[in-house]
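Shared between the two complexes below is chain A, which pairs with chain B and chain C, respectively.
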Partner chain A sequence: MAKSKTPELTLENLPEIGLRVLTSFGLAAAVLALLTLVTLMGTLNQIEEGLIDSTAKYFESAWIVDTVPIGNVTIPVFLPGGYLLLAILFFNILAGTILKIRRNWKAIGLYVSHIGILILIFSSFVTRHFAWEGNMALRPGMQSSEALHYRNWQLEILPIDEKGEANKALVIPYADLETIGWKGERTFTSEELPFEIRISHAARNATPIPVSAPMSAQSDGPVIEGFKLLPLPKEKEAERNSAGFYADFIPKSGGEKIPAILWAHLGGNFAQVKPFTFEVDGKKFAAQVVRERMPIPFTIKLDQFLFEKYAGVMTAKNYQSNITKLEDGTEEKIEVKMNEPFRHRGYTFFQASFGPPNAGPDDELYTVFTVWKNPSDHWPLFSLIVTFVGLLAHMGWKLAEHLRRSTRIA
Partner chain B sequence: MNRFLLALLLLASGGNAPAAYAPWPKEAIDSFSRIPVLSEGRIKPLQIVAYYTLLELNGRTSLKTRIGGETAKLSASEWLMDAVFRPELSKDYPIFLVDDTAAVGSIGIDRAGKKKRDRFTYNELLPGRSQLANLAAGYAQKKSREEKLTALEEQILILGSKVNDYEMLVSSFSAAQPSRLINTAMLPPDMTTLAAKMNLSEFLGIAPKLPVEGIEAMMGQDRSQMSEDQRSVLTAMMLVYFFHKTGTALTLFPPADDARKEWISMGELIGNAIGKEKTERSWELERLGLVEKVAQSTSDPAAFASSMEALRSKIQEDANTRKEASQIGTEIKLYNGKYLDNAKVWFIAAFVFVVLIWLGPMSTPGKVFTMLAIWCGVLGFGSLVTGMMLRSQIRGWAPITNLYETFLFISAATFVFGLVFERSNQQRIALSAGIFVPMVCLILSGQFLLISPEDTLPPLVAVLRSNFWLTTHVITVTLGYAAGLLAAVTASIWIIARFFRVAEDRRDVYRDMTKMTYGIILFSLLFSLVGTVLGGIWANYSWGRFWGWDPKENGALMIVLWTLVILHARLGGYIRDIGLHAMAVLQGVIISFSWFGVNAMGVGLHSYGFIAGIWKALGIAWAIMAVILTMAAGLKFREPQSPARSEAANLPRTRGATAI
Partner chain C sequence: MIPRPLTVVLSTALLASCGQPKQVEITQTRQLSEAERTPVLGATSQDRFQFAMPGPAAPQSAPSAESGPRLAWDTPPGWTETPHPMRDISLSFGEGGECSVVRAGGSLVDNVNRWRKQMGLPEVSEQEVNALPTRSLFGGPGVLVTLDGSYQAMGASSAAPDYRMIGVILAVPSENAAIFVKMVGPRKLVEENQPAFEAFCDSLRIVTS
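Let's look at the complex of A and B:
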């Protein structure tokens, strides 16, 4: 695109001016500088608020509205967030690549490297919106075909049959619960249930507390059977938060509402959840707050967990899970190690950790896999290859040109 | 008092004058240094344990002390030999460095004549030993409750830990020489009396089988109900129990059982021996006997040297059988060769010549100094790379696995970059920067050890055990750091020179410098970008996600982003020469934050690189950079530029296809 004089600011010229701004180096430089600043602030914020909250506030947000204490002064901050900045950068690079880079063989490296960066930014978008991350903990001999989310909780309503068993669960997902807040209220209903569920006083981290405890004064929630729900400060490690809220089960037939305090039991990897049980119109139900579940279309069985530590210290040298994949009546033996995950049908199992904590030498260990379902799993690798090839081609061409010029001068 | 009177008094005191220091035979020191020992998860020479223990206690890796009116300089191994085999002498060595001697005052010790930061001997601290232990235990509990300690409490806790570590280390050999206990006040008088004449091998040769639990049960019995003989047996068994419990700091003996990974300490050896029938103790008695021989021959240099070598040979032979301790010789070579110290000296010498070059860069002496600077740098580089290769050989991993090693690698890389850019630029700027950065990095590597006096070859955490990723991601991203730092230094030189109007008429030199800095920034971008994305891919294979906004990841990202800001601002014509150099200096601030700052934050997944106490050093570096940036601002104010005047006008401009 030939360089021409900047058009006057008139209505007709707006599209051209807009395009010039969008493809400009100035926009790229400004966005990159703001991204640097936001990255710095989001990094420092992790000391106070931990990784998850800082990521949400600085990197996954469209706008950052915050205050930053510097000495005794608190400075208000209003900045575009990482999400918005990356989106602008994406379109800046896209438009710049299409319209600004000269169309000849010499510029091929630039095209390719910019396309690589576009793939990278797009893959981060796909991960942000379509990836799911959870974990699966297994003891030797145990098998499972579902993973549990690290941080998200959901409310499950379980109709109980005559045998006292629950065969299905109706779920209120985390996304619907987290936005209610302590002051808010929302009512949920289902044709399959003879009652409505009114949720209020929702907190991401909370615990029930007897009204006799002095700290109960800090909660303005209602008292139910001598207990209140006490909202707690959010933990720095987000997976240690225990969500809680008040629930009223209101019979559609017009009977009296059944109030309850529901909260998540952290209780470790294999903790048994004790649900809240109640009866409406002579039918029994149970309600429980559990981690969000992701069903997996095959089964993983842990055959053996191997742990090796360095002699004389607690530093782990290696840990490995020997598993069997059970699918459609077939079995496959697989080893999952650190740096060697197992991938199958879009799901990836990583050797994340093991437990129990402070296990003795004779204690049976269990394994914990991080389970990911990410459509853009390998895109960063493609992006790297493309970007690297592009940079190499461009710098190689520049070097050849430099050498040619040097030879000519000589 | 005049010197004559003092001399007379000394003569009069005659036999009471302390004897001069009697050095250990060289062969004994050599054998002692080479004894393999399992410590902190890896097998290393005993010399290394001595080295880092002395560094932790004393803030130095050797010791100077006055003995018998003479100054003796002891290596770490000699100090440990003294501490173990001549405890009475070594208890007067000033080895406990205390940053604030108020900590010593708070345990009731007289601080008269001491400075605020000073060293104390064990004997000086001994009267306050129990109070120190009580206070330190209380503060440790406070810390475990995540309560903040005051600076004084922190100092007391550190001192308590140092004294405890010292006692435990010295006690590692006590079972073989019960008469040389470090602190007899630890034991009741009857045990001390027995210890003074006890030979543990002889005792274990006749003592009945009594597992440690049995001794504990005996200790719980009422002594008043025992006969005299029973009390004597109990005292002896309690002494065995004492050595079993206190002799655990050094795991010296490779076990006979191949399946067992942990080596055996002297304490465990004693516990194992007493828990067996006396006819089945030959394995333990053989090894205990070897240490006893060493301890009994301290007054006979030849016998001492040969018994020390016999002990070393036996341990090495046991280790060889298990196919372990094969790198002991290499590690001794690394430390005794002083490759890293020598590299530092060579780079300091090179820097002296660099300073001399600037008295007349293109004059004949200037050319001679240039050659000398290059050759000193090459020798420093050779020494550094040899040291890095030996470190790599010892562990079998790529040369960068921890924060300490980044100093070494960046030193080597910046020197090479400096030479490469000097070859095309030939203004002595790249050479100067390429010598200055390694010199500073190598000096900082020594300071880093003082902040974190720990083995710099620790075992690798599970996630890092991949030579593929260590050589691709870690080396690439560190090369990006190195190039970025080099650019920051060349940019600083440019700003300082312009600010002080050095060779003001030589616009061509400044123009070339700008071009070179720009080239180095491009270089930095290539490595930083590729290295950072490679890190993401590694994370995707290890932790299941490409990017997690972890502080270390963010640090690397900030370097890439800022480099891109510089390039795009330049391409758009928003910055010219002053702006380019100022932003390159800011790049140095970002690199130093990413290199150390994020590790000092204490949060995130890269816990294998955590360090504390680095903020002060970073603050100094940033203050210097702030001064340089202020100069750049002054320059901008003083010399408002037109594009035509700008040296950067020769750099790639914004029309059409441009350099990234």
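Let's look at the complex of A and C:
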């Protein structure tokens, strides 16, 4: 096929030139080369910054602005991030599929394989924006219909009734808290509350520290009931970060503000939350920082946890949870084992771990599930099958054509 | 004239560039589960932050940075301070090495066995604990514990093999508590850092300023 001449670079030719660049193999090759580099750098960066921060910086970003130390030299890095590169690759393949592949039956395999790759890239977009991962810990007999996020925290305000009970929590989500920063502040309001909440000195990882401790001098936050909040460097394992911030509860009626340090104590799986309690206009409220919740539209009850270890060592040979799924008045018995997750209505329950740590022979064990909700859970598998079928059809057709030619020559 | 979709994109970008809003309406609510409906009310900061133990470093009454007794120490070279809410001192060194000072209650034998359990070792009797060597800590006789085994940190799902724990426990009868100085990490790393640990223990002191 004769290659069409590249148009001259003029304003009116710009759309055509742009389209040529977008559909070019050169662009695809450049993007794939950059993706290889970004993957390598992002993987190496996990040693320094851990999985979550490295993923955010290298693979979920539009641009990477970083420095890489090589020996005694620090090299500044400015590269397109994985998100931008995959977006370019997606449109490059899409435009190429529509405009470049010949429109006849012989090219059907190429069409199908390209569509498979597009599904794969699109599934990563869906995972990035719509997937949710947390955990659910259950003791035998316990049941739950919510999972707790591994890393994200939320601030909850609980109106307390005369009996000292609360029915609901007003939720300030993690996304609204994490962007405040140590120097910033933000005010939250609700018609249901007789006060405003002003949040400041927010840190993704922090600890309250008594002012008697010498290290408290490192915090410029105010002292409240003998404590300061000390911001800490982020942990490599992001789930070990404990968010903290200062809150002022400012009565709308004009009374004095009530200051507090609010902190997300990691605790154990069943650690009791001790909220900050205060009164405004004669009404009691509690404020607590807890893990972000994901409601699940059915209930999981742990009937039994089974654990088996190799003789003489601590390594687990097998562990499984026998659970009952409760939904719409029906019960279903299910076994969740290592590498055999339970899937239902877009939610996946993996047997992740168990506790308590260092449990003795008489200790009651609890189970911990990783709960994963991802609308594109099976799309990568589906895309690989589609790509495989497309390539098989294309190569099969090419083979048939080759054999036909060979027969004709003979 | 700018096309409508472009106007929307531009105005969205302009709004985004203005940063986060200073005032936000709370729109989300959550129904509490049965277990969450009776929260612990009236907890003090001391309760909430789990600094419940009395002692020189964290007096019960509101302390101030300028007065009162406090804990002081010399951080060994190469070690870094890593504050921890449940510890009076928390330090780290190397890849996976950590050292802490905490105050807690419980009998000596219970605490030694708690550490042994963390290292995957069987419990020992009171007689065996009483036979352990001692070293000076705050001028008093601290019980020296050295344990090799597979270490399972609190919250960890599995034990790390070939670890060593060296700890000193000093009973403080007047407080009905004890002071625990503990170093734990990969065995080789702990062996290399033992002189630094000894120096750290020797440097621990109470100062009033």
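Rule of thumb we're sticking to: the second predicted complex is superposed on the first by the 394 of 410 C-alpha atoms of A that agree within 3 Å, B and C clash if a C-alpha of one lies under 4 Å from a C-alpha of the other, contacts with A are read in each partner's own complex, and residues count from 1 in each chain.
FYI, a contact is a pair of C-beta atoms (placed from the backbone, for glycine too) under 8 Å apart; a residue touches a chain by one contact, two chains touch by 3 or more.
Because the structure is predicted, anything quoted here is derived from the model rather than measured.
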{"item": "Superposed partners chain B and chain C on chain A - clash or fit", "value": "clash"}
{"item": "First (chain B), second (chain C), both or neither touched by A:I115", "value": "neither"}
{"item": "Which superposed partner A:A29 touches (first chain B, second chain C, both, neither)", "value": "first"}
{"item": "First (chain B), second (chain C), both or neither touched by A:M41", "value": "neither"}
{"item": "A:T370 touches, of chain B and chain C: first, second, both or neither?", "value": "first"}
{"item": "Partner chain(s) touched by A:V389 [first = chain B, second = chain C, both, neither]", "value": "neither"}
{"item": "Contacts of A:W263 with chain B and chain C, given as first, second, both or neither", "value": "second"}
{"item": "First, second, both or neither for A:L306, with chain B first and chain C second", "value": "neither"}
{"item": "Region of chain B that runs into chain C when the structures are aligned on their shared chain, from 145-153, 217-225, 595-603 or 631-639", "value": "145-153"}
{"item": "Where chain A meets both chain C and chain B, residue numbers", "value": "315-316, 352"}
{"item": "Chain B partner contacts - residues on chain A that touch it in the complex", "value": "1, 3, 24-26, 28-29, 32-33, 35-36, 39-40, 42-44, 46-47, 50-51, 54-55, 59, 100-102, 104, 106-107, 110, 113-114, 120, 123-124, 127, 133, 236, 310-313, 315-319, 338-341, 348, 350, 352, 370-372, 374, 377, 380-381, 383-384, 387-388, 391, 394-395, 398"}
{"item": "Touching residues (chain side chain B, partner chain A) in the complex", "value": "38-42, 251, 261-263, 458-459, 461-463, 465-466, 469, 522, 526, 529-530, 533-534, 536-538, 540-551, 554-555, 557-558, 561-562, 564-565, 568-569, 571-574, 590, 593, 598, 601-604, 654-660"}
{"item": "Partner chain C, residues of chain A touching it in the complex", "value": "144, 146, 156-158, 160, 164-173, 176, 179-180, 184-190, 193, 207-217, 224-227, 230, 232, 242, 261, 263, 265-266, 268, 272-277, 284, 286, 288, 293, 314-316, 352-355, 357-358, 360, 368"}
{"item": "Residue ranges of chain C in contact with chain A within the complex", "value": "20-26, 28-33, 36-51, 57-59, 61-65, 68, 70-72, 81-85, 88, 117-118, 120, 150, 152-159"}
